[in-house]
Structure formats: structure tokens, C-alpha cells
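Chains here go by letter, A, B, C, D and E, matching the order in which they are written, and residues are numbered from 1 within each.
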Amino acid sequence: MGAGSLIALMIAAIAFSGIALLISKFVLKATTNKQKGEPYECGIPTTGPSRIQFNVGYYLFALVFLIFDVELIFMFPWAVVVKEVGWLALFEIVIFLFILFTGLLYAHKKGALTWK
Amino acid sequence: MEREELQQIITNKFPEALAAEGGQWLNLQVPANLWPEMALWLRDEPSLACNYLFCLTCIDRNPDLEMVYHLRSLQHGHNLVVKSVLNRENPIITSVSNIWRTAEFHEREVYEMFGVAFTNHPDLRKLILPDDWEGFPLRKDYEDPINMIKL
Amino acid sequence: MGLRNYLSDVASGVKSLLTGMKVTGRLFLRHHKEKITQQYPDNKDTMVYPERFRGEVVMPHDDNNEHACTGCTACELACPNGTIKIITKFDVTPEGKRKKAIDTFIYHLQLCTMCNLCIEACPTDAIKMAQTFEHSVFDRSQLIKKLNQEGSKIREGVE
Amino acid sequence: MYRETEVIQTIPGTDEMVLNIGPQHPATHGVLHLVITLNGEIIKKVEPHLGYIHRSIEKMCESLSYRQFIYSTSRMDYLSSHINNHACALCVEQGLEVEIPRRAQYIRVIMDELTRIASHCLWWGAMAMDVGALTPFFLAFREREMINDIMEETCGARLTMNYMVPGGVMFDLHPNFVGRVKHFIAHFKSKIDEYDELVTGNIIFQNRLKNIGVLRPEDAISYGCSGPTARASGVSCDLRKHMPYEIYPELQFEEVLDNGGDSFARYLVRLTELRQSMHILEQLIDDIPEGDFQAKTKAVLKLPKGEYYQPIETARGEFGVYIVSDGSTTPYRIKFRSPGFSNLSVLDHISRGQKIGDLVAIMGSLDLVIPDIDR
Amino acid sequence: MMFSLENITNSIHEWLYANLNATLALIIEFAIIGVLVIGLFAALGLVLIMMERKVSSWMQLRLGPNRVGPGGMFQTVADTIKLIVKEGMTPDRVDKLLFNLAPFIVMVIAMVVMAPIMFAKGFQIWDINIGVLFVLAVSSISVIGILIAGWASNNKYSLLGAMRSGAQIVSYELSAGLSVLAIVVLSGGLRMSTIIDAQQTGWWLFKGHIPAIIAFVIFIIAVTAETNRAPFDLAEAESELTGGFHTEYSGMKFALFFLAEYVNIFVVCAIGATLFLGGWMPFHIGNWQAFNHVMDYIPSSIWFFGKTFLLIFIIMWFRWTFPRLRIDQLLQLEWKYLLPISMFNLLLATVVAIAGWHF
């Protein structure tokens, strides 16, 4: 069975969630009031906006991840043919990982991996 | 340190401080304007070293208000009670929160419960009561017909 | 960080985690032998009520519908919350003397903190603590109880 | 004349955010309300807002007699209600100058130490739960439940016992008491090692607590910290040693001190205190003297005019009862110096620059009981 | 073989194509798949939540649910009904579109990831030739659902939880990928069936020596983190952020997140079972013909689900034992420990694979 099954699965997921939500919508009549619509913050009205500029700490990891993840993708084709290529493959991946590892060390030295 | 010795040292330096008879520990009555200077001295004088303020409160001695400071020296192990009488209408005393940091919270509590204003306090706001509370609940003349039930 | 330190860090970390997992694993295997929770409404028949447990104030009556309360209001004075209210009346004894007795012994369970001071104060041991504890009701007024039974009177010889 | 409440607002364009932790939050153990200013995960400022469970016990006590007011202190620090009651009883006795029978002193000290163990057990479970481990909570309750059962049998209640009265204790010990306490000691000794295996040695737990919320000794003194919080910073302040009451001077035990000052040191101090309390119990339980359990006191107590202060070492630190008497049957003014109030005031100081997860760990290690703080 | 899912699927397939035209047969097959997967989804949700509650209660010396049905078996059914009947609130100032979209995204990802899983011998939705890569690629999209949920909620707890989850999931993606790569190197293929066939003579965990064991440990840690399970549940972090990214979700919308979380656990454990424990392959010991023969009689689906649930149990065991990590420690664990170790481990696996040191 081919890629069509993915579409079937997606439709199934959407149908499942949609039907569940619809049932719950029909089962009861929702009432609203002002307090109900407040964002939950331990019962205290929030001060200031909730969507704000955020500390760079989280994004540094995302940046480093991006580099490593792309490199990881390069390794998949290699992994499939390791056994056929033999020792040369080991040689290649040693160089590849060495460069990656140096990158990691560099990021570590630069303090990108320390939470600020 | 013995009580008499303690009293000797303090009254030598501050003759205005009056020691009261009786009680568990040495009781001193000081004027409010002398208190900040004396508080600093009590903490820093090596022979006294009252570095631990373990209780700070106020008593409504109708008509006056009386601030009570319980001090302890963790080095020497002696205790000391300092009191200062304040005017009921306009109770003002200098904050000791820069000398003993614990006073910051205790003074905020006294401020809202008795209405004593502490000058030089870094953040004198209501701590326990709601911000719009009126009156000083721990004063003897406080009346609240709704929330207070007389048995 | 030397490589040796690095590896010993990893090893000691993994070891501490495995020790923790050993404990929970042991608990998991032992779960059928030891239970720390009770199946509350199910075990009502087998539950042990310590005789000193303070659940609510009751006034024991004997078979002749007699109690030991003289209406001295010691308990009413001892109560910190105003839980007890005693309404007294004057009975006329056969000899023609007027004698003080209780008309109604009102007990506000909703105010009671089970501090036991009223029991301590009672000179005639007329009231005691019962071991009940399920006091929830839908209407608060149901918690105001009358402790002396209808038509009851004071036991002979209790002064 | 007085400064109005400032409303803290986020400054637009900066990445600071004001977050309310509590009053309905799993980590605040009740109704503590903290307004924290955050930069990302880093805490810039913590501001406690109190009063959600303030019942004005001090004002209430002004209209209660010297026998009656004791029960209300059980409701303050409900985890060490025995010790609170004990302090009140001692303070009244100090004014009345009555001699407490030796048996009553033994019973009181045994009860105090049992309460301390129960309180620390609950703290241990709650602390582990704060940092994310849920199983320890139930293990801690297994032991705490045994103590509660013992208490229930002897005192008649599980939490708010009101067992201490001026002059002694309310009832004599239950006949089963000694046997059950001995059984508990034997049981707990084997279980306390399980605590270490499951939580103390765990590398995640240690990393969560070490070097977090470091409280230096001079700050601990200045902020008026007491109990295990201060002792973890190396401040010797155990009132059982320094201002001994009852039969503590005759007992062999050590004041637990640690120099770390961080959350892990506070954790270790409490855990070691558990063992010390067991040690005290072992010394006492075998030879409780015979005699009265209550001294004879008048029906209506009147304290002579004057002021009485009685400090006592609860599970959380120094609890003080300050009674001002005008010679009548009710106190003129009562002040309760609660350990939690001072310990809470240090929270802002030690949690600045830490992360949200650390704040929760610090609060856990300070062992705050909110009714104790609000009173 | 007495009972084989492969035969059933094959006969249905043949019958459909013999009796109907190709397009219709395909559509009907898709419909069957859809219904089956939805059924599996619902069943997994019910079973896993029940399992979680029982495991946790037994580790905590409690009884666990025991009121609804025999031994409390239908407790989760009752919970589901409760969640359906509850109101799915949408707070006032949320981004309505994204807020309602997020559960769908998470659900779609959780379901699509099921495609390459081999539930039994020859019983698979799509034996995609890059099976493992597909799972890694698709499962990492679920972080978008969490980020959307956190951002749209207009709630500070949610936002913090979403941010944490973003940093966390992307990080652990790497070591999960590298530990999977070690097995790919040993097996020589990305296709699920290739990897399982390579374990005909023994599971990689046993015959792959040290690199496979290290890879297994790192894989379990990484997927625990990727599925936001304790001790890595920083995105929810009950004692810190109350509910994290799903603070504002209630009723059925919350139930969808909850369900997706448990299905994700199942999926990653299924992948773990496939890679390290031989998927549906029975347990064989060398030349013990009789023993191996008995093992062959156990249906392959039981082998698969047994192994998967073993791994799920281990992950639950983690949850009820360990305290939660802090965000910086979490990232430190990944970048300073797991990633270098798994890089090194990949080299080790390569050496083992090329030298043919595995059995």
C-alpha cells in the first residue's frame, strides 16, 4: 500500500478528532461569562501581555539544533550502505563526525550550550 | 551576659533608655527619635551584638501605641526587649529594615494592623490585608460589625 | 573536564538512577502485600474507632431517659466558640422546692472545633465525645442539635 | 501619607514578564500568592502577597481565656500543632509559675518529637513532589499515618489535637502508646534508608537542589530565619539547646548543622533531624515516670500583669508566644512569632537569578506552611 | 502457523481486488485502514491510561481505580465519557483558529506516524522504504502542535511550557536519530521489514554488543524526552507551570492532547521494539530447536505488543520514580552527555558492523 495510506490516515485522524469535538459540542449547551474567558493564572487577573518577546536562551538551542539535524540527515544514506562500502565508510564518517564534534566543542566554548 | 551588666552597658551609652523592673528579660524604654541610632549600635557593638531580631510587634496601650522589639545575640546568647511609645494620632518611627532585614515584613504587618508609619522603609505596603482595607484591625478601638462576631 | 571524570560522572549518575528504580520496582512487586490507602466506604464495618476520638459532643442518656446535666453552664463558659447554649428552667420537686434543670441543651456542631474543653469542664460528666465523623449535611441548620432527649430529666443523686 | 500600592507592569519592548504563582498552584502548598517577574526562565523578583488564609487569630485570642486560646494555635501551623500548643501552655505556665509534673514533661517532649517526625515526613514527600517525583509522597504518608494513628489513640484527634493544657496534658497516655511508638521507631528505621535510596542519592534530585537558593549565614541571621532553614546555613539556633525547656537539657541529641546553605543542605538537615528525633524518642520511651499528667491549676486562670515571651523549637523553626497580660482572665494582646513568616521573607533574596523550577525547589526546601505565615 | 494476520489481510486484499474494480477496492481498503487505526487509537488510549494508573498506583502502594467494571477496567471509558460531556472552553483572548487547530495537528501526527509500524508479520499499513527516517521526520512535527497550542492560548504558563517544549524536543531529536542510526548501520536498511529481517537470528539488543546496548539506553531516554514524559515533562511541569502548554485546554480538546501523548508513547516504544527487540520476531536461542519451535507458535502480534508494552512499562517506571529535570539540566544532559556519547557510539557501531563482530 502506498502513500495514499497516509492521506487515509490523515483523514481518519481529522475525522476522529472532529467527530469527538462535535459530539462534545452537541452534548451540552455552553454558557459563558466574563470570568470564564479569563486566562488561567492561579485565579489572579494577568498583568501585562502574555505574548511577549522571549529570552534568547531557547532559540540558541534551536539554531544549534538546525545545523546538527541537517548533518544528521546526511548520515542516513551513508548508514544504509556502510556494510557494502566497508572500512572506507568508517574513515569517512570519522572525518564527518570529527568535524561535527569540533563544531559542538566550538559551540560549547562559545557558551551557546550554557543556559543564560 | 547578666542582666545588670547589660543594662549598665546600654545606659552608659544611652542614658535616655529606661530599664523597667521585672519581666523575663531586660526591658528598655527608648524615645522613638533615639531608636534608629540605638538599633544600629545594639547590632554593631561587639559586646552586645544583638544581631537577631526575632519578634517585632506593636501593642495598643490605649491611648498610646507601643512598639516592641525583641532582640537576641546569637554570639552571647542574651535577649533584650526594646520598647518605644508612639503617639496614637500620628505614629511614626524609623524603620529598622536596613539593620535587620526581617523587619521589612514585620513592619509591613504592623503598618497595616496598627497604622504605624515607618520612615525609610523600602516598600511600605499592605502585606496581609487587601489593598482597599480601611482601619487598623489590631487596634483596640477597631470595630467591624459585619466580620467581627462578639460571643 | 577529563575523560575519566566525565565517564565516572555518567556511571555514578546511572547507578543512582538505577537505585531509585530498584526501590519503586520493589514496591511494584510488593503492591499486593502492602497497601497504604484504605477503601473508605467499603471498610466501614471493619474500621477501628479509637475511643478517645473526638467527633461530636453527645449527652448520654440511660434507659430511664435520664441524663447527668445539671445545667451549670460550665461547658458553655469553657467553649471558645460559643458552640453550646443552655436554656434552663425550674422544675418543682415533689417536696415543693424549685430546682434548676435544663430545658434545652443546644449544640452548634457547625461551630465546634472538637477541642474537648467542654468535656473537661463538665463537673458531672454529663456530656462526652462521640466517635462519629460524617457530619456533612445539605442544610446548615441541621447541624444545630438538641442534646437532651425529649422528656428526659436529671438522674437522681447528681448534684 | 502612606504610599499607595504600586502596580507592577511589564515595560513594553523588554522581555520581562509578570507571572502569578498561586494562590491556586500545586507548588504553593496552599494559598500563597507570589508575583514573580521573569526574564525568560530567570527570576528577577519575587513578591509574596499574603492574607488569603488570614483569620486574625491574634485578635481572636484577645477575647479568649488562657485555657481557650490554645486550641486556635493548632490551626496556625497545622503540621506541628502539638508544638504550638506546647509553646502556649509553657507561656501560660511561665506566668502562673506552676510546676509541671515530670510525667507530663516526658509526654510533652515525646509528643513534640513525634510531631516533628510527622511534619518532616510530610515535608519530605511534598518536597519530592515539588521537584516532580510523586511516589515519595505516598511513602512519606505511610509513616506519617502511623504517627497520626498513635496521636488519634492518645489525643483523640489526628491533626488539631489540643492536647497540651496549662499545667500538663489533657489525658494520660493510652495503654497502647508505648508499644506503638516502639513499633513505629523500629519500622521507621528501616524505611528511612529507603528515603535515601529513592530520593537523596538520586542524581537528578541532587542536581536540582545543589547550589540553588544559597542562603549565607549573615543573611539567615539578618532575615530572622530559624529552624532547619537557618541551621542549614551554619547558624546555630536550636532552641532545644540554647533556651532549653522541659526535659531537653537531660537528653542526648545533637544540633544538626550544615554549612552548605543551599536547598540540598536544608534537605539534608531535615532528614538528619528525623534521625535525631528518633534518637530522642528512644531515650524517652522506655522510662516515662509514673505520676500525675497534669498539675493542679485553678479553674479560671489569671496571669499576673506583665509580659511573657516563650520561644519554642517547632519543626519549622522558632515559634514564639508573646502574651501581654493586664491581670484579667483574657490576654490583653497576643503576638505569635511564626517561623514561616521570617523564613518566607528570605524567599525573594535567595531566588533572584534562579529559574522557575528552582523557585519551586526553594519553596519546598523552606518548608512553608501558609496558615502559619498568615495566622 | 495457526493464526496469522498476514493471511487475513492477504485474503481480504485478494477478495476485494477480485470482486471490485481497482479504484473502489483501494478506497475500501483505505476505509478499512482508517477504521482500524481509529479503533486502535481509541483502544490504545483506554488501555495505556488504565495501565499508567495501575502502574502508578502499584508503585505507590495504592489500589488504583477499582470501582468501574471488574478491577476498575472501565475507568478510562468513564473518564472519556466525562471528557466528552465536559465543555471544551475557548477563553476570550486566544487565537481561535490556532487554538482549535493545535489538537488536530497533534492528532494527525500521532496517527500518520503509525503508517510504517509493523504490528505483526506482514501486517503493516505501508512498508515505506525509508521507514525509520519517516518516523523521525514526522514525529518531530508534533512540536509544532505544542508550540501553536502554547502560543495561541494567550496564557503565560502555556507560553513558557511551549517554549520549553520547543527547546527540548528539537534537542532530543538528535540523539534519538543517532541511536537509530547505529541500528540502521548494523541492519543495512531503513525499511522496517529489512531491520526486522536482520534480526532473524537474534535481537539487536543481544547480538549488537555494546553499541546496541548504549544506543538502546540513549534511545529510551531520548524518546522519553520527545514524548514529554516525566522526568522530562517540562512542557507540562505540573508543580511549576500547573499545566504547561495545555493549561487552557479543557474537555475533548484536552482529551485529544492526552490521547495523542499516549499514542506517541506507543509509537516510539513500537519503534524501539522494532529496532532493538526484533519487532514481531519470536525469541530464539541459538540451536535450541525445540525451544525455538515453541516460541514460533506464539503469534507474531503478541510478540510485538508484548515487547512494546514492556518498553512502555519502563517509561512509566521512569515517570513514577524520578524527579523532574530543570530546563538547563535537560539541555545539558542532551548536549554534553547524550549527543557526544551517541556520536561515539555510532562509530563503535560502524566498526562492529563492518568487522562483522555481531552474531
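Criterion: a residue touches a chain if its C-beta (ideal position, glycine included) is under 8 Å from a C-beta of that chain, and two chains touch if they have at least 3 such contacts.
It should be emphasised that the depicted structure is a prediction, and the values quoted were computed from it without experimental measurement.
Visitor: Could you give the fewest steps needed to travel from chain D to chain E through chains in contact?
Guide: The fewest steps needed to get from chain D to chain E is 1.
Visitor: Count the smallest number of chain-to-chain hops linking chain B with chain E, moving only between touching chains.
Guide: So the least number of steps between the two chains is 2.
Visitor: Which pair, A-E or B-D, has more C-beta contacts?
Guide: A-E
Visitor: Where the CA atoms of chain A average out and where those of chain D average out, how many Å apart are those spots?
Guide: 45
Visitor: Where the CA atoms of chain C average out and where those of chain E average out, how many Å apart are those spots?
Guide: Here chain C and chain E have centroids separated by 51 Å.
Visitor: Can you compute the centre-to-centre distance for chain A and chain C, using the mean CA position of each chain? Integer Å is fine.
Guide: 55
Visitor: What residues in chain A touch two or more of the other chains?
Guide: 41-42, 46, 50, 54, 57-58, 115
Visitor: Two or more other chains in contact with one residue: find those residues in chain B.
Guide: 151
Visitor: For chain C, which residues are shared contacts with two or more other chains?
Guide: 17, 20, 23-24, 27, 36
Visitor: What residues of chain D sit close enough to touch chain E in their complex?
Guide: Touching chain E: residues 17, 19, 25-27, 41, 128-135, 137-139, 142, 198-199, 202, 204-205, 207-208, 355-360 of chain D.
Visitor: Going by the contact rule set out above, which residues of chain E touch chain C in the complex?
Guide: Chain E residues touching chain C: 55, 57-63, 66, 317-318, 320-322, 337, 341.
Visitor: Taking the touch rule as given, give the residues of chain C at its contact with chain D in the complex, in rising order.
Guide: It comes out as residues 12-13, 16-17, 19-20, 22-24, 27, 36, 50, 52-54, 78-80, 113-117, 120, 129.
Visitor: Along chain D, where are the residues that touch chain A in the complex?
Guide: 7-10, 13-25, 33, 39-42
Visitor: Residue numbers of chain D touching chain C in their complex, please.
Guide: For chain D paired with chain C, touching residues are 64-65, 67-69, 71-72, 135, 138-139, 141-142, 145, 152-157, 160, 162, 165, 170-171, 174, 194, 197-199, 201-204, 206.
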